[in-house]
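Following this line, the structures themselves.
Each of the next two complexes has subunit A plus one more chain, namely subunit B in the first and subunit C in the second.
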Partner chain A sequence: MDALIHARGLTKQFGSITAVAGIDLDVTRGEAFGFLGPNGAGKSSTMRMIGCVSPPSGGTLRILGLDPVKDGSAIRGRLGVVPQADTLDNELTVKENLVIYGRYFGLSRADVRKRADELLEFVQLSERADSKVEPLSGGMKRRLTIARALVNDPEVLLLDEPTTGLDPQARHVVWDRLFRLKQRGVTLILTTHYMDEAEQLCDRLVVMDGGTIAAEGSPLELIREYSTREVVELRFAGEAPEIGEDAFGDLVQRVEVLPDRLLLYTDDGDALVPVAHERLHPQSVLVRRSTLEDVFLRLTGRTLVD
Partner chain B sequence: MTAFALASRTRGHLLFERNIMVYRRAWMTIFSGFFEPLFYLFSMGYGLGHFVGKIHGVSYPHYIAPALLASAAMNGAVYDATTNVFWKLRYGKVYDSMLATPLGPVDVAVGETAWAQFRGLLYAIGFMVTAAALGAVQSWWGLLALPAAMVVGFGFAGVGIGVATFLRSWQDFELVQVVLLPMFLFSGTFYPLSVYPTVLQWFVRVSPLYNAISLVRSFTLGHVTWYCPLNAAYLLAIGVVGIAVARRRMAGLLLT
Partner chain C sequence: MEYSLRAYEYWLTVYRRVWRGTIMTSVLNPVLYLAAMGIGLGSIVKKQQLGLPYLDFVAPGLLAAVSMQVAAVESSFPVRGAIKWNRQYFAMLATPLRVGHLVAGHLLYVSTRVLVSVCLYLAALAAFGALHSWYAILTIPLSLLIGLAFAAPISALSAYADEEVFNPLFRFIVMPMFLFSGTFFPVTRIPHGLREIAYATPLWNGVDLARHLTLGGPTLWRSLAHVAYLLLWVVVGVWLARIAYRKKLVT
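The block that comes next holds the complex of A and B.
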C-alpha cells in the first residue's frame, strides 16, 4: 500500500490548549478522504500540519514518505492547498494570481502562462482573467483558489472547508470540479461540516471531536455502524412525550427526544409507523433513511461547542 | 549586490517578481517619494544655503546633497519595508499563501528586503541625476555614491523588515516616525558633527543614518578615507541582523 499521509499519535498543542490529541491516519493514493467534525474539533490544525505550515507538537507524520519538519519545502512543492479563508493576492489580477503562484513553485514563465489559461478554463473563470480579485463573488474566489492550488499539478489536494459560505449553485460547481479531479486520480483530503458534501465526495472519512478521532470508515460503513437503517420522525403539536429507550421493544434501537419531535432509530420503519401512530398520536410521521448527519450528531452531540 | 545577491541565491527573487507585477500598474505610487529630497535640496540647500556660506570649503548645497541622497535611500527602503510588509503580513495574507508553496520565511525576508532596497535605490538614482545636473556632485568618486546608496538601502531595508514584524497596529507607525525624524535631522545631515559636544558626537556616530551620510558624502566630495569600509560594514551588519530577526519572527507568526 502506498500511504501518502501517515500519522501516528499526531498531536498539536497551542500553549496549554490541545488542538489535536494523538490521532492515527493513513491516506492512500487516489483516495478522497474527509475530516468531519464540529468547529474546534482539530480538523484545520491537522490540515495545517499536513500542509507543512504548522510543526507537529508530537507523534510521527510522514507526507509522501517525507518528514514535514526537514523536507517541508519539497513536500509543499507537491501539494495543492485550498485554505479555509481565501488568501488570494488582492493586488494582482485573476490570471496574475495563477502566474505568480506557479512561479513560486519554480515553473517557467512560458509554462505557467499556458497552465494559467487551462486552469481558468477548468474553473470557468476565463472571462475574468484580467479582472481584479476584489470584485469577484465568493464562489468565484473559491474557484480561483482551487485553480491556484492546482497550478503545480499536485499529487495531493488539501481543501479546508471548500464550500463553506457558498450558495447552492456555487457549491455544486465546486463539487463538480472536485469530482473531476478525483476521477483524474488526484488524492483529495478535505474538511467539512456539511454531511452532504462528505457523502458526495469522500470515499472514506473520520469524524473528529475534541482533537481525537471518534469514528472512521466509508459513509455507508459509518451509517451502518453508528446509526440504524431508517429513522422515523414523529412531530407533535405541543411538546413531544417522554418515552423510554425500550418503549417499542426490539423494533426501536434508540430514541432521541427533541422539543417538538421524537426520533426513533429503527431497521424497519414500515413496521414501526402503525405502532407509533397508535401509541403516541403524533401530528405527522416521516420515515427517512439514516444519513451521516445522524452519525455525526450521535458521535459529537447536539450541544453547541463554539 | 547585497540583498539582490541573497535574493537570487534563494527563492526571494520570486517576491521581487511579484512586486514588479504589482507596481507595473501602480508606478505612480512609487514616483511620489522621488520629490521629497529635491524639495529639501532647493529649500535648505539653495534657499537657506544662501545665508550659510561654505562648510569645510564646500558650498552648502554640495554639502547636504549627499546627505539627502542617503536619506532618500533610507526613506524609500524603510517606507516599503515597514508599511508594505506590515500590511502583507497582518492584513493581505500575502505571506500565508506564499508559505503554502516551496517558499519559506527566509525567502520572504530576503525578497522583501531586496525590493525595499530597490525602492530606496530608485529614489537615490532620481535624486543623483538631478543633483548631478545641478552640479552638486564634485568628484568622479561620486559615481560610487550609487553603490553606496545600495548599501544604505540594504541596511535600512533589513532593519525595517525586522521592525515591521513587531508592529501590532497602524498606530505603531508613529513610533517609527519618532525614530526616523530626529535621526534625519540630527545625523550630520545639515551640519557637521563638530557642532555637538564630544559626548553627543559619539552618540550620533552610532546612528545608522550618520554612517550612511558619511559614506555617501565621502564619495560625492571625493574625501575617501578608511572610515568608508567601516560605515559600509556597519550598514551591512544591521541589514543582516534585521533579515535574521524578520525570518525568525515570520516563522513564529505564520508557521504556528
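The block that comes next holds the complex of A and C.
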C-alpha cells in the first residue's frame, strides 16, 4: 500500500488544551478521505498538521513518505490547501490572487498565467478574472480558493470545511468540482460537519470527537456497524414521552430521545410503525434509512449540526 | 533568496495597485517640508548660527527622516494586515515558503520603497542646489540602512502586538524622533539628559551620517560607528521579527 499520510498517536496541544489526543491515520493514494465531527473536534488542528503548517506536539506523522518538520517546505510544494478561513487578498483581482500563489510555488510567469486561465475555467470564474475578490459571493471565493490550491498540480488536496456557509446551489457546484478531481485521481482529504457531504464525497471517513477518532470506515460500513437499517422518527405535539430501551422488545434496538422527537432504531420499520402509533400516539411518524447522523448520535450522544 | 523573492513579488503586486497614492505622500511631503523649512524658514535663520545655509542643513536630515517614515509606515499596517486582515502570510506558509522568507521578502519590499522615495528626494535636493559633495551618492545605501533599522524592529512589533500599538508608536516614537533627532536643528541645542536619548536613536545616527555625506568630508571613524550602530538595529530587529512571525504564524 502506498500510504500518503501515515500517523500514529498524533497529538496537538495548545497550552493546556489538547486539540488532538493521539490519532492513527493511513490515507492511500487516490482515496477521498473525510474527517466528520462537530466544531472543536480537532479537525482543523489535524489538517494543519497534515498541511505542514503546524508542528505536531507528539506522535509520528509522515506525509508523502517525508517528515513534515524537516521537509515541510518540500511537502507543501506537493500539496494543495483549502484552509477553513479563506486567505485571499480582497484588494487584488481574482487572477492576481491565482498568479501570485502560483509564483510562491516557483512556477514561471508564463506557466502560471496559462494555468490560472485553465483553473478559472474549471471553477467557472473566467468572467470574473479581472474583478477584485472583495465583491465575490462566498461560493465564488471558495471556488477561487480551490482553484488556487490546484495551481501547483498537487498530489493531495486538503479541504477544511469546503462548503460551510454556502447556499445549497453553491455547495453542489463545489461538490461537482471535487468529484471531478477525485475521478482524475487526486487524493482528497476533507473535513466537514455535514453528513451529506461526507456521504457524497468520501470513500472512507473517521468520526472525530474531542480530539479522538470514535470510528472509522466507509459511510456504508459505519452505518451498518453503528446503526440499524431503518429509523422510525416520532414527533410529538409537546415533549416526547420517556420510554425505556426495551419498551418495544426485540423490535427496537436503541432509542434516542431528542427534545422534539423520539428516534427508534429498528431493522423493520414497517412492523414497528403500527405498534408505536398505538402505544405512544405521536403527532407524526416517519420511516427512513439510517444515516451518518445516526452513527454520530450513537457514538457521541450529540447531533452534528446544532 | 529565491524564495524570499517570491514573497517580495506579492508586495510588489499589491504596490502596483497603490503606487500613485504613495508617491504623493512619500515624495511630495519631504519636498514641501524642504520648501517650507529650507527656503521659507531658512530665509529667517541667520547663516552664521549654523555656519551654512539652513537648506543645506535640513536637507540631509529630511532625507534620513523620509527613509524612517517610509519604512515605519510600510512595516506597520501591511505586516499586521498580512497576519490578521487578508492573512496573506498564512497563504504563503501553505506553500514552500518559510517564515524567514516572509520576513526577508517584506524587508526587500520596504527597501524598494525607501530607495524609490529617496532617489526622487535626492533629485529634488539636486534641483534645490542642496547637494555639495559626491559623497551624497552614499546617502542612497545609507537610506536603505536607516530604513531597515526601522523596518525590522517595527515589523517585529507589528507581528507581535495588536494594531492598537500603531497610534502610540507613531505619535510618541516616530514623530518625536522626526522632530528631535537633529533633523531640523542640532541636537546640541537639546538639554543634557534628553540629548543622550537623541544620540541613542537610530534616526540621529542616520541624520548625522547623511549630513556629513551631503556636506562633504565625513570622518571615517564616526561614520563607521554610525553604520555599526544602525546595523545593530537591523540585526536585532530581524532576529526579533523572525521570532514574532513564528510565534504568530506557526502554531
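Throughout what follows, the second predicted complex is superposed on the first by the 301 of 306 C-alpha atoms of A that agree within 3 Å, B and C clash if a C-alpha of one lies under 4 Å from a C-alpha of the other, contacts with A are read in each partner's own complex, and residues count from 1 in each chain.
Here, a contact is a pair of C-beta atoms (placed from the backbone, for glycine too) under 8 Å apart; a residue touches a chain by one contact, two chains touch by 3 or more.
It should be emphasised that the depicted structure is a prediction, and the values quoted were computed from it without experimental measurement.
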item	value
Superposed partners subunit B and subunit C on subunit A - clash or fit	clash
Contacts of A:Val81 with subunit B and subunit C, given as first, second, both or neither	both
First, second, both or neither for A:Arg103, with subunit B first and subunit C second	both
First (subunit B), second (subunit C), both or neither touched by A:Glu225	neither
Intersection of the subunit A residues that touch subunit B with those that touch subunit C	14, 51, 53-55, 72-74, 76-77, 79, 81, 83, 85, 87-92, 96, 99-101, 103-106, 152
Complex contact set, residues of subunit A against subunit C	14, 51, 53-55, 72-74, 76-77, 79, 81, 83, 85, 87-92, 96, 99-101, 103-106, 152
In the complex, subunit C residues that touch subunit A	2, 6-7, 9-10, 13-14, 17, 86-88, 90-98, 250-251
Subunit B - residues contacting subunit A, complex	11, 14, 17-18, 21-22, 92-94, 96-104, 254-256
Subunit B partner contacts - residues on subunit A that touch it in the complex	14, 51, 53-55, 72-74, 76-77, 79, 81, 83, 85, 87-92, 96, 99-101, 103-106, 148, 152
